[in-house]
Amino acid sequence: MTLGKVIGTVWATRKDDQLTGMKLQLVQELQLDGKLKDRFIVAVDSVGAGVGETVLFAQGSSARQTDLTRDKPVDAVIVAIVDKLDVTGDAN
Amino acid sequence: MTLGKVIGTVWATRKDDQLTGMKLQLVQELQLDGKLKDRFIVAVDSVGAGVGETVLFAQGSSARQTDLTRDKPVDAVIVAIVDKLDVTGDAN
Amino acid sequence: MTLGKVIGTVWATRKDDQLTGMKLQLVQELQLDGKLKDRFIVAVDSVGAGVGETVLFAQGSSARQTDLTRDKPVDAVIVAIVDKLDVTGDAN
Amino acid sequence: MTLGKVIGTVWATRKDDQLTGMKLQLVQELQLDGKLKDRFIVAVDSVGAGVGETVLFAQGSSARQTDLTRDKPVDAVIVAIVDKLDVTGDAN
Amino acid sequence: MTLGKVIGTVWATRKDDQLTGMKLQLVQELQLDGKLKDRFIVAVDSVGAGVGETVLFAQGSSARQTDLTRDKPVDAVIVAIVDKLDVTGDAN
């Protein structure tokens, strides 16, 4: 999974029917030190993550293994809201 | 999903039979500020997206989860036309 | 799908039995302006693409959705020979 | 598979139910010379890898082929703890 | 598929049971001119490739389509040993 921060929401009325009702969150990737990377993704939210929260998202076919996204044309889904990172090894 | 802008169309008469009738759109990736990235993809259009529109596309096996693309050799599909981005978190 | 140009062929006699008879083409990725990128892939050819032709290739599990490649250990397949790109949006 | 080093753990109480009980490890990618790359992933641990250990992780749908992760929204899993690398070819 | 050169072997005694008996080879990616790229992967060997040989490897779910790797947590497999590259187009 990839570490990111929810920074906003995407609104789209014209879309594949299977996406109806899904919340599409903008998630920017995070470095280990909490700084934002220059990469973001649009992920379906399956855990009620709000803007500003640190999350984990899964990509690819694994993004279709939640109840909400099964068999849907979704390639990224938020699967967890992060409480804490314990970085105990030497990260650099 | 990935944020992009439709910038053109690809024409191909010699192709896998399963692609017959599919519109192949050139989609260039977008930054959060609306500027174009130096990356593009060719995606099947399943939502009637025209040139100049901002879209979301899904990749990989998830690109085969629309009615149009199921079981086809397609690895990118446009799944939504974006109305608006709400970037409310600190994106940088 | 990804835009590329066929620049050569790979010859391999010792290989997984399931690849027997498949033509393995070297495909270099293309920029929108027709220049070659510094990235290439080896793709199975399912449409009779010759050296010098501009093609689209599909990757990942989608590369196994042609008659030729179904259930084979193939992660890239040429699915179309490009006639023309219409880039009508502002690509930069 | 990708070579990495376990450098820490992610704690998340609000998550997809299917992730309950899984240990989420921070794994930073390694170069051949043992130095850490500037890339990390969050992987489910299926082999009891501790912080500081060198591991191999699998990604994508292959990350769902362990007993622990089958059909779960998991896109990275640690599958081996590395004892030794024999680099006998000229690596540069 | 991706072009690479076998440069070594990974030894791991503690691993997912499904990897038992598989040879895990270090494969460094190659440029078209035969120089090594700064990227490597650990791939299961299904064709008896030795150190120093030029190979093709498949990634993702396609890496599970050999007899050796089917349904295993393996995301890269060597599928061919390369005899020769014919680069007849203008590669630059």
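We call the chains A, B, C, D and E, going by the order they appear; numbering starts again at 1 in every chain.
Assume a residue touches a chain if its C-beta (ideal position, glycine included) is under 8 Å from a C-beta of that chain, and two chains touch if they have at least 3 such contacts.
Keep in mind it's a predicted model, so treat the numbers as computed, not measured.
Asks: What are the mutual neighbours of chain A and chain E in this structure?
Replies: Expected: D.
Asks: Using the touch definition from the top, how many steps at minimum link chain A to chain D?
Replies: The least step count works out to 1.
Asks: Look at both sides of the chain D and chain E contact and report whether the same residue positions are involved, with over half shared, or different ones.
Replies: Copies use mostly different positions to touch.
Asks: Once chain B is fitted to chain E on CA atoms, what angle does the rotation have, in steps of 5 degrees?
Replies: 145
Asks: Taking each chain's centre as the mean of its CA atoms, how far is chain B from chain C in angstrom?
Replies: Averaging C-alpha atoms per chain gives centres 19 Å apart.
Asks: Could you grab the centroid distance between chain A and chain C? Build each centroid from C-alpha atoms only and quote it in angstrom.
Replies: Distance between chain centres: 31 Å.
Asks: Using the touch definition from the top, which residues of chain B touch two or more other chains?
Replies: Residues 60-61, 63 of chain B each touch two or more of the other chains.
Asks: Are the chains arranged, by touching, as a line, ring, star, complete graph, or other?
Replies: ring
Asks: Put in order round the ring, from chain A and then through chain B, what are the chains?
Replies: A, B, C, E, D
Asks: In their shared complex, at which residues does chain C touch chain B?
Replies: 1-3, 32, 46-48, 56, 58-63, 65-66, 77, 79-92
Asks: Of all residues in chain C, which touch chain E in the complex?
Replies: Touching chain E from chain C are residues 5-16, 18-19, 24, 26, 28, 36, 40-43, 51-52, 60-61, 63-64, 71-76.
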